[in-house]
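The next block holds one structure in the form of structure tokens; read it before the comments.
A, B, C, D and E label the chains in the order they appear, each numbered from 1.
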Amino acid sequence: MSEQIINSPCGVKGTIGFYPGCSLKGSSSEYAQSVLAVAKAFDIELQEIQDWNCCGSTAAHNLNKELALSLSARILALSEKQGLTEVVVPCAACYNRLTVTQHELNNDAALKQRVCDIIDMPIKGNLQILNVMQMIDKYVADRLEEKVTTPFGHKVACYYGCLLVRPHNILQFDRLEDPQSMDILMKRSGAEPIEWGFKTECCGAGFSVSRTDVVAKLSGNIVKDAADRGAEAIIVACPMCQSNLDMRRPQINEYLKQKIDIPVIYITQAIGLAVGLSPKEVGLQKHFVPAQFA
Amino acid sequence: MSKIGVFICHCGENISATVDCERVAAEAGKMDGVEFATDYKYMCSDPGQTLIKNAIKEKGLTGVVVGACSPRMHEPTFRKACAEAGLNPYLCEMSNLREHCSWVHEKNEQTTEKAIDLVKMLVEKVKKNKPLNAIKVPITKKALVIGGGIAGIQAALDIANAGQQVIMVEKEPSIGGHMSQLSETFPTLDCSQCILTPRMVEVAQHPNITLYTYAELEHLDGFIGNFKATIRLKAKSVDYKLCTGCGACTTKCPNKKIPSEFNEGLGMRTAIYTPFPQAVPNKPVIDRANCTYYQKGKCKVCEKVCPTGAIQYDLPDQFITEDIGAVVIATGFNVLKTDFFPEYGYGKYADVLTGLQFERLASASGPTLGEIRRPSDGKVPKKIVFIACSGSRDPAKGIPYCSKICCMYTAKHAMLYQHKVHDGESYVFYMDIRAGGKNYEEFVRRAIEDDGVNYIRGRVARIYEKDGKYIVKGADTLLGSKPVEIEADMVVLATAGVSNPGAEELAQKMHVSYDAYKFFAEAHPKLKPVETNTAGIFLCGACQAPKDIPETVGMASGAAAKVIGLFSNNELTREPLIAVVNRSAPPVFSTCVGCFMCQTACPYNAIEREEIKGRDGSVIKTVAKVNPGLCQGCGTCVAFCRSKAIDIQGFSNEQMFAEVMALMNE
Amino acid sequence: MINNQKSIHELQLHTGVNVNRCYQCGKCTAGCQLADEMDFPPSMVMHMLQTKDEELLQQLLNSKTIWLCISCQNCIERCPMSIDIPHIMDYLREKSAGEHKINRQSRDIVAFHRAFLDSIKYTGRLYEIGLVAGYKARTFHLTQDVVLAPKMYAKGKLPLVPEMIKGTRNIKGIFRKTAP
Amino acid sequence: MEDVLIEKKPAIAGNSFSGELQKTANELLQSGEVELFIGYEEGTRFPRPCFIASTDEVGKLIFDDRCTGNLAVYLTRKDLIGDKKVGITASYFALRSILRLLTEHQIQLDKLVVLTVSAEKEVIRFATTDDITAYLQTAPIPVREDDKALIEKLNAMSREERWEFWSAELSKCFKCYACRAACPMCYCTKCIVEENRPQWIQPWASTLANIEWHINRAMHMTGRCADCGACGAACPLGLPIHLLSHQIVQEVTDNFALDVNQAVSGDNALSTFKPEDKENFIK
Amino acid sequence: MGRLGGALMSEFEPKIVAFVCNWCTYAGADLTGTSRIKYASNVKIVRFPCTGRIDFMLLLKAFAEGADGIIVSGCHPNDCHYTSGNFHARRRWVIFRGLLNFMGIDVNRIQFSWVSAAEGAKWADVVNGTVTTIRELGPYTEYRKAADYLVQQDKSIIDGQEALIKSVSSL
């Protein structure tokens, strides 16, 4: 297995844009908190995109393709306007939407023109869009091991979800099945990632509210496999995955007819703990399923 | 000054019914340079031909135009007649007044006018014709067969039994190829080795066959009948003249943990080894990359135990050069490995196997002596899943084509499994069952009906391991796509048949074309299946595309027949309708400027570089030269050459120009 | 059977997908996590489209399937022919909504999406309390998740006041210009 | 008409990067690495080619934006070069021609020192063809605005109007072959117009023979033309004949997905093919 | 009748040349014959070994010499007797057509087709179709005008004379 996990383009280190997305401002504030804390610990300067809007998520994408592209495009345009060349997007759904949008616009000049007209802003389309793994790999990975003070010495199930790695030909992130990037970073943080079968199976995503039964089933299968194989925590990099696996635990347990209390934490929380941040600093107390690591 | 004779044939009434043949002849007689023109009822008949012959002799004709049927029909007839009368046959042309005129038009003035024009075109052309002589190429009667699998074996034996010399080159230490790895063969379930090994021995003992194992083609020069092959004999580190094949070295070799290629990694071999017990020749080679002596400088156990002193560590690779008249490519194919499939675990699951690995498990000579056992823990799998089209028909990740043999061998595997594990359950995920072949469909039906193999129509989405079982997630598309999940003990992937890794390089060495999948390309998909586009190089077996044993053997005999046919003459006679690069007096030498763009355009690699040297031996100019043995006369280079330095005999620039210019003149 | 070549042509025009490329291996269905819930699993959707039967197309526009598809992309990543099924689903959803043929049982899902978009339309971002309120108003599932919200609030996960961005005009413009 | 076409760019003085170039040329000549240096010197109106064989003359050398002529044309002139080791300052287009001449075996890199001066005033020396290819991909392509207007005008015309235009223009040609002399790709030992068995093109100047000549010239440029415009610039009548080869460049790009830089550095566009090449015009 | 097309349009019989390969289209046209399928007699076939051999100059020459239309035909892709001659030809025609069109030469007068040795009926269709097309387009005098050196000379002389007469008469 290659230790160089992501084919990240080499860029000049400078100020990096930060697109939190709606979840990180609301239900997943601890993700934002931990991302910023880890960035700070590694002297990465993140600059929030001014006046950003929602990427439209599944809702826009499902109902109106042009709207979906335009909402994401506005974010790209704002970033460019702000003079950014790189933007970190921790939410897997936002990351997916932004990357796919930029790809689609770059491959269809007419569409690009139409969208630019709609949002009333120009787009160059050469933004580097990074998820947290890519950010860490690019700016932290080589310093990670030396920075670890309290190794995260637990068996963990790295859960990538579907949006972080797909569509593979556009995102070009990690490998198609059985991705490794998170596993490698967790190993470097002192954890023991397990082999398991649900790394990229969907958690139910946007059905959290409208089809809770589906979420209970899909997320249930994921939680069960992780627990069965002795994982002590599930590591995620997507607020939707986190909230489905965490907040929907009562429904999950009901579906599984079994009480599983494995915590679900963000990769940035785990890394934060490993480099000596306090549980509070990474917002560990905010989870529904208690997450305490000795 | 030209003296052209024009002969208009009535073809009974076939032409004369719509064309006024007398008038055509009369008009032709008035054409510039026409010495003699006449018409006759049947020009191809004996009296007709005599008419032409007499005219040639009496009038001293310098060219002949026969206005009759299609030249594709009678051009050889009339050219022969001309030759018999002492006129160079290539000074005879035919004007197609029947197929292209009388038969396709109504009887009227225009039709006769057209006939006159058609004759005129050819009269103008023939004025520019030049006498040509047939090309004679000597033939070296020795064939090179590359590859010692069943295809190569069959071809070599057929050629050798016809009394011709054969050199066989095999890159592995033993001949036998993939067929020697197989357990039983469909649709008869007879043992593969039982039918193959006698053939292998026959090759080794045949007086007309020289066998080089552990050898590869290094270089091939020349052209049909006149190739020069350089063969690399890889260093075996064992002197085969001294070695008796007693096996003392292989039993004593301390390095025993090398995955066996023959057993597809399911068994181990030593560093000095014979690939398998029935190997031909049954003498070992040292695998230097894995030998302790070569890697660490110490050991030499084999040398100590060898009773004949045959171990020679310092033997280098050797090169031999052979004159060859024809080549048969029989390099076979390869199968995708399990690590190819992301959704099937990237090869990390020990009990997810390829079909070829399963063959080894099922083979009595295999690592489990024919018992089906899991490589991971040696347990007998109680539930086994076979997945068809693993990589085949998968343009996204694999190959778009159907590998042709998988449906059959998967049915065979499931059948063998059921025969060996009586309480086992087997499942085959398939999309279509392609069982075209004698007794093939019946074979598959037997697997389903008699042996109770469960066929599920659908493709498997993914496999993951849990508690020592492999969770196979598929869907039954015949049940309204109901998801199916099977907890299997073993999974066998019918991995796609692909070209050999070295095929492209070999093809380039021999200037043979290959397709998008790096399989060797036949010269014509229908009518020249065993020829390549390079004259004198033939192909057979799975190096052309995946195929089963009967088809391979048939193709091998076909290639052999072509070689035997070629060798049945001492010389090869070819039509001189080929391209030539002009030559002229110094200081120009040739108007070819040496850009060599014709070289890329030529489908036959017939264009070579020729250095024109001065008296002192210095190179004055490098120009193109057409190899008459390779050129097939398509003329693509001619239309391509900017300065018209290359031209094609029989359809030369002057000829075609004259024909076109004549066409419209009124 | 009414053969409707036109609608398939239209589909190809919009999605770039040639439905005839599918050879019904069923791998998409095998990997689809929601296939169990769907009335027509993905491979069957493909086949229904291949028939060019107008009635079957109507059934699809009316189906639960299109709203259950979660766009996880499992199907396309594993499809041997790289057929963009998620894109087809997007197209069918948009068409279904446009022609008012949304499946009765799936209206909850659509209601959620609409509530979600409303939130963005007026504030530029997702206002989660607003979303849930809007969703409940549309579905009358008034008691759903009553236990969750206070807990979320207590954990600092639900800001009570919506965050408004400055460029709401710009956002409204986007909504107006892309309105179907 | 013609004044639109061949309107030369205004001389941009003061933009000369000559100092370093002269230094490099001096070193090359002094060390004997190069026996003849082909470059530009100041002319009466525009820079003109100069051939420098001794270090005394190095001071003449200049290279700036105005040096757009394609010096690669001299590389195949045996009378000029003989067996000498040659250095050359190549403009963007000349670099393309050099690549092509290399693939067509007309020049050898071991006897040639290829230099250019980048926009940053750096003298760049190319060691391999890959270096040249890489440079061509990154350096800005000099634009020839003056052609654009005419091309657009031509494209807007009906076929009949285009025919009127071209037959009128080409009827003026009197076959001086300055276009051929200026083109680095016209290095044939015997040009098609000199071929008389058969006489493909009538040797006198008539509209048809002129059209045939220019069609031949353009067709022969397929996949080889650097699109430098030297042929048009050389025409004493100012006929826009470079647009014909430009059209060929365009066709190659549009139909075979080969941009000029790819086309000049690989196997020829016409001596290769793809089974999936378009054929919508074939019944 | 002069070349400059004094013929009435209704009587116009186009002259068509066909450049075909020996192995597919020539044989296909033979089959048209053996099948006794009738087609217009306006076409005359020139046989080449392969479409790859067909020099574009021959097409120009045919137009100059009086052809109103041209057919170029060979083996279908992948069926070339010489494996790839037709692929090379196809590329040549792509470029050639583009250039001709840019110069205002009427590419609609050149019909490219693939006719196999089995497609006797298709050959008849191709010929008849081309004849119809060319009949609609009319004689290709436009191109031949450029061809006729003498006519041009004459014209300039006549023009000169007319100008002279005019200037004289205006005196």
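Throughout what follows, contacts are C-beta pairs under 8 Å (C-beta built on N, C-alpha and C of every residue); 3 or more make two chains touch, one makes a residue touch a chain.
Worth saying up front: this structure is predicted, and the values here are computed from it rather than measured.
Where touching is counted per the definition, the chains common to chain A and chain C are B. Counting steps between touching chains, the shortest path from chain C to chain E takes 2.
Chains touching both chain B and chain D: E.
Looking at B-E and A-B side by side, the one with more C-beta contacts is B-E. A simple rule picks the central chain: find each chain's mean C-alpha point, then take the one closest to the mean of all protein C-alpha atoms, which gives B. The chain with its Cα centre farthest from the Cα centre of chain E is A. Between the CA-based centres of chain A and chain D the separation comes to 53 Å, rounded to the whole angstrom. Taking each chain's centre as the mean of its C-alpha atoms, chain A lies 65 Å from chain E. Once the centre of each chain is set as its mean CA position, chain D and chain E turn out to be 33 Å apart. For this pair, chain C with chain D, the centres built from the Cα atoms lie 56 Å apart.
Residue numbers of chain D whose C-beta contacts span two or more other chains: 200, 270-272. Counting partner chains per residue, chain B has residues 343, 462, 601, 640, 653, 657 touching two or more of them.
Chain A has residues 176-177 in contact with two or more other chains. Here the touching chains pair up as A-B, A-C, B-C, B-D, B-E, D-E. For chain B in complex with chain E, the touching residues are 70-73, 96, 98-101, 103-106, 110-111, 114, 117-118, 121, 513, 521, 523-525, 533, 577, 601, 603-604, 632-636, 638-640, 648, 650-651, 653, 656-657, 659-661, 663-666.
Residue ranges of chain A in contact with chain C, taken from their complex: 22-23, 25-29, 51-54, 56-67, 70-71, 74, 117-120, 162-163, 166-168, 176-177, 200-202, 204-207, 209-212, 214, 218, 247, 285-288. Within the complex formed with chain B, the residues of chain C that make contact are 23-32, 35-36, 41-44, 74, 78-82. Of all residues in chain C, only 33-34, 37, 67-68, 70-74, 76-77, 90, 93-94, 97, 108-114, 116-117, 119-120, 124-128, 131-132, 135, 144-145, 148, 151-152, 155-159, 163, 165-167, 170-171, 173-175, 177-178, 180 touch chain A in the complex they form. The touching residues of chain B, when paired with chain D in their complex, are 588, 590-601, 622, 640, 642-645, 653-654, 657-658.
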